[in-house]
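Letters are used for the chains, namely A, B and C, taken in the order the chains are written, and counting of residues starts over at 1 for each.
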Amino acid sequence: MTTRMPGVDVVLVGFGWTASILAQELTDSGLQVLALERGKFRDTVPDFATTHIQDELRYAVRKDLFEEPARETLTFRNSVDQTALPMRHLGSFLPAAGVGGAGVHWNGQHWRFLPTDFKIRSHTEARYGKKFIPEDMTIQDWAVAYEDLEPHYDKFEYLCGISGQAGNINGAIQTGGNPFEGPRSRGYPLPPLQRSYATTLFDKAVQEVGFHSFPCAAANTSQPYKNPLGVQMGECTYCGFCEWFACGNYSKSSPQTTILPVLLKKGNFSYRTLCDVTRVNLDASGKRATGVTYIDAQGRSFEQPAQIVILCAFAQHNVHLLLLSGIGKPYNPTTGEGVTGKNYAYQMTSSVDVFLDKTLNPFMGAGALGQAFDDFNGDNFDHGPEGFLGGGYVALWTTGGRPILQHQLPEGTPTWGAGWKKAMAENYLKSASIATHGSVMSYRQSYLDLDPTYRDVYGNPLLRLTFDFHENEHKMSRFVTNKAAMVAKAMNARSIRVKQRDGHYSIVPYQTTHNTGGAIMGDDPSTSVVNRYLQSWDVPNVFVMGSSVFPQNPGYNPTGTVGALTFWAAHAIKTLYLKNPGPLVQT
Amino acid sequence: MSKISRRQLLRQTALTGSAALVSWIHPQASMAATSESTRNAHASEDFVYFTQPESAFVDAAVARLIPTDELGPGAREAHVTLFIDHQLAGPYGRAERWYMLGPWATGTKEQGYQLKFTPAQLYRAAIVEIDNYCRQTLSKRIFAELDSTTQDKTLHDLENGKIALSGAPPKDFFAMLLQNTIEGFLSDPMYGGNRNFVGWKLVGFPGPRYNYIDEIRHFGAPYSQPTVGLMGRDGSIMMRKG
Amino acid sequence: MRVRKFVTFLGVGLGLALSFAPRAWSQGTTYSLIAAGRYLVDAGDCASCHTDTAGKPFAGGRAIQTPFGVIYSSNITPDSETGIGKWSEKDFYDAMHHGMSRTGKYLYPAFPYPWFTKVSADDVRAIKAYLDTIPPVRQRNRRSKLPWPLSVRSVMAGWNALYFQEGVFQPDANKSVAWNRGAYLVQGLGHCGACHTATNAVGAPKKHQRLMGGDFGKHWYAPNLTRDLGDGLGNWSVEEIVEYLKTGSNGKDAAGGPMAEVVENSTQYLSDSDLDAMATYLKDIPAHENSSSAPAVAVADRTDLTRGQALYDDNCTGCHMVNGAGLAQVFPSLKESSAVQAKVPDTLIHFILAGARKAVTPGKPTGLSMPAFSGKLDDGELADLVNYIRNAWGNHAPLTDASAVSKVRKEIERSGELNARQPPVQAGGSS
């Protein structure tokens, strides 16, 4: 028995970053906008209060701010010849639940993709030849260019109050920034964060080795900041509890700290929490969405009619919804046909731990307090002799020193006993970790579909993830890790420990929450789910936000680009779609 | 003079929360106004999940995993056994957040935990089997009664899967026990472990503080403020399920 | 009677819908009169008492706590049965000026007629004209809960005889136009003294301590608005006072308790020139001869401050910073803060126990909040902390103790404020 609700102009599935940005933009155009969030309402006070938020066991170990696999999970296998099994605990990635989404618990590491990232196939073919791309690597150019997104990156950066040092302003390379970045129209709204001891030592070593060192851009405010919406943020105090925790003093950019104070007061915006959207409903033709079906905390079913449906849930959750709703032909890895679920990608990370003889005080940190070099990302170097595509940045981050999970121990340390205890005592204050953050290409065999066996609490099939690292990613990662090790050696450490990520992709250890693909954008409906405006080819009044639309994943954290794409799509909806509802791209 | 002790007010606070009932345990406190001295008394050491043989096993095991030595107190002084006991009695022990629907299959190591055991069940099943193993193969004693060298060997064998148990997989149990021990040694004392901050003091973590704007600039300078927990500078104040 | 307001911490925004009731306008009513009346109703902050939380605008029924019992505000919509629909202009004038209802009942000064008596006849007429346009609401007035003999309204005759000085505001020819306008607003519609002036045992304002600070009730203390340097407005500029009233905060301080509601419902709507006038008047009120600056804490008491300092370092520096200076326009400064150094520490205790949220205005929409520390600090610790804050960084204020904290704690537990900003409790977490 489904209750039909009064219709709205726009229904947003989820209430995190992309929904908050869209809601703010579209309500300004006078639309009635409703957000449906499966988690609960959250705000700085009381939910993230300084009085209790620095609790490593509760938040980092027991994962209090994230989705519960008991409510929502997926099944996983490395390859099609295995049986996918449920991800019973969280590990590799940590999707959020609750208003604000992962914008509440991210580190705030902010990046733009490179101009070449958006044109990876055509650029690679031009520079290295068609044969350079393996046959099963299904990368494709984005349907947007860096130049299209530049003003929207800027908008997101000024919304958030990003603290950073620009590297390239309108083509002029700036001292102290990333010389490889794409040209930007102006600098960041705030100067970079203060440095930690470890990042200054890294900085020195990077320069000695001959790479180009720069402070990382941070969605942690280096100064009090009032954004263009008039919302006031505080100043980061380096409390060291950023990622997986929430900010208690308004200095991490999130929907709560940048948009919601203004959005929640608007008469044409509303939201409902503890509402799980299970279907996008289509009319008889299958080419128009009539709204969504959701289930509330009591298990009652509701139909929410809307003129426009926008999927703003986490990356793979959007894909799950598309599959359950029958939007787009499901991808088949054997035939290579179909689009929904195609080109799932992730991030390839590794680290080099350094053990110094200096007191580093790692517990004084911020989520995006880091120093990096980008010489080996994108196509910033000649791939010809190396035989792989992609790359990554290398950074030393001082995000905190939470003792249970953020400690480094030298090679050969026993896993327990007196030797472990001694190593902990001798190294906790004096070690740091250099991280590599590398790209993952798309492959025929890396995809999402519906599991044949396992179900969620509503009886819907779980999403099934089939994914592994390929030789290309291993090669790339070994190459970039080697560069990190070069810098580590230049830091005059007592010892270093290289932690290469060998073997198969495992869902167990945390890596990143940078899941991409499954609803990729493109110029061709036969190889993409959405067009350049993130509009579904099949159902023009459905749009899909988030990293779901990335055709493959470059070597950078995705949130900056997710934010920019959201502003870009909002602009298209406001200026093109509202005037003339229907497909925005003709084929 | 306190008119209301921290334990009492935290009990009142907890009762207004929406989550599971949390009560502050203090055996000597009454609900009336208390004096300063009761705040410093230790919390109750009663186990709520472990049977006596289980707590004996765990206490002996954790004392080997993080031993007491010249560097200072170890897991035993940190009250790690009590910590684990309370965790197993709570939502973690019951695997409330995990996907615990079947069908059940043994997967690859990349596919992670696929056991039907909740943590509480895994401890219960493994401990009795390990003690049986010890009794049968090692001088007819249970684990807690073995000498430390033999205990260490037993733990290594569990860690490497060299002991065959019929119910509980030894490597999974050991991994969980080790993980929980480290948690108990290094989590906020309000969860029962890291008593008097022994774990944090060993490594040099000062506890949850919210402002290092000035100190972060003083490269290489040791941090000198006293260790603090979420409940304050008294490292013996505990929160547990009633 | 002392004025009491029923405070909620949800910062309820109360919509004031201007619509026209289907009834005849009084002779001479014009649109501009109604608009003027609307402005004056904002200035008088009628909504804060006459609109209940989640109630219909001006329909009354809001419980106003007084030390003598609960008084419920009346329905001032133009409903003819249950509101003031039958009231003539003269009836309304009598209420505002004499504290008398249409039927000759004495009104309790929870309705601040001792201040509204200063309002000019023209302004009263405009207010009535506006009130006549509000949608009528049928809602009977609730009986107040006062003990005998206070429940017998005619006892107010005696109180009025002793303490009530009727009369419209008389400008002071020696002062500027702005000063007089400011005095008119502060002494009249603003009724600031209803909270900011201390009262005697029967709830009458103490004439010689006008605006030097008063007990708002429910353990809120309304601070000194005179020129005192320590706990008054002596260090505030006119611009800072204007900014505070208009937006809820300035570089020094932020309205977080009952004053946040005053800003949200009233002062944010006043014109810049009216706010400027009020500030001009306030800045001219001389400090008391026996100024509020308390003696510095005796050396022998230093141990108390040491405990408080440790608590401050452990709990407060994430926002209020290590030197108490806060972050301008973000977190209020505690150092050299007049509010922190108020004679009575109840407001400070209140904020620490129950948390606070800054007033929300269009220019400052964020509503930055402070969490509740009631679960973290016991009464003795909180007293130590308050004593430290009030005597550190050059601050000076009288000491408090755990029993004072206990009283505030009981009040906020009773009123339900405590749950608004408590963190969610989790027993040991789960994975």
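Here is the rule we use: contacts are C-beta pairs under 8 Å (C-beta built on N, C-alpha and C of every residue); 3 or more make two chains touch, one makes a residue touch a chain.
Just so it is clear, the model here is predicted, and its values are computed rather than measured.
Novice: Higher C-beta contact count, A-B or A-C?
Specialist: When the contacts at A-B and A-C are counted, A-B has more.
Novice: So which chain ends up in the middle if you average the CA atoms?
Specialist: That would be chain A.
Novice: What whole-Å value do you get for the distance between chain A and chain C if each is reduced to the mean of its CA atoms?
Specialist: 47
Novice: Report, in whole Å, the distance between the mean C-alpha point of chain A and the mean C-alpha point of chain B.
Specialist: 33
Novice: Which positions in chain C touch two or more other chains at once?
Specialist: 317-319, 375-376, 422, 424, 426, 428-431
Novice: At least two other chains touched by the same residue of chain A: list those residues.
Specialist: Residue numbers touching two or more other chains: 50-52, 55, 57, 61-63, 89, 235, 237, 239, 248-249.
Novice: Of all residues in chain B, which are in touch with two or more distinct other chains?
Specialist: If we look for residues of chain B contacting two or more partner chains, we find 91-92, 96-98, 191, 209-211, 213, 230.
Novice: Where on chain B does chain C make contact in their complex?
Specialist: 1-6, 9-10, 12-14, 16-22, 36, 39, 86-87, 90-92, 94-98, 191, 209-211, 213-214, 225-226, 228, 230-233, 239-241
Novice: Provide the residue numbers of chain C that touch chain A in the complex, in ascending order.
Specialist: Of all residues in chain C, those touching chain A are 13, 315, 317-319, 327-331, 355, 357, 360, 362-373, 375-376, 420-424, 426, 428-431.
Novice: Within their complex, state which residues of chain C touch chain B.
Specialist: 310, 313-314, 317-319, 321-322, 374-381, 402-403, 405-406, 409, 413, 418-419, 422, 424-431
Novice: Residues of chain A touching chain C in their complex?
Specialist: 43-47, 49-52, 55, 57-59, 61-64, 89, 224, 226, 229-235, 237, 239, 248-250, 261-262, 265
Novice: Can you tell me which positions in chain A touch chain B when the two form their complex?
Specialist: It comes out as residues 50-52, 54-57, 61-63, 68-70, 73, 76-78, 82-83, 85-89, 91, 194-197, 200, 235, 237-241, 248-249, 358-359, 361, 363-364, 401-404, 407, 415-418, 420-422, 424-425, 428-429, 453-455, 504-508.
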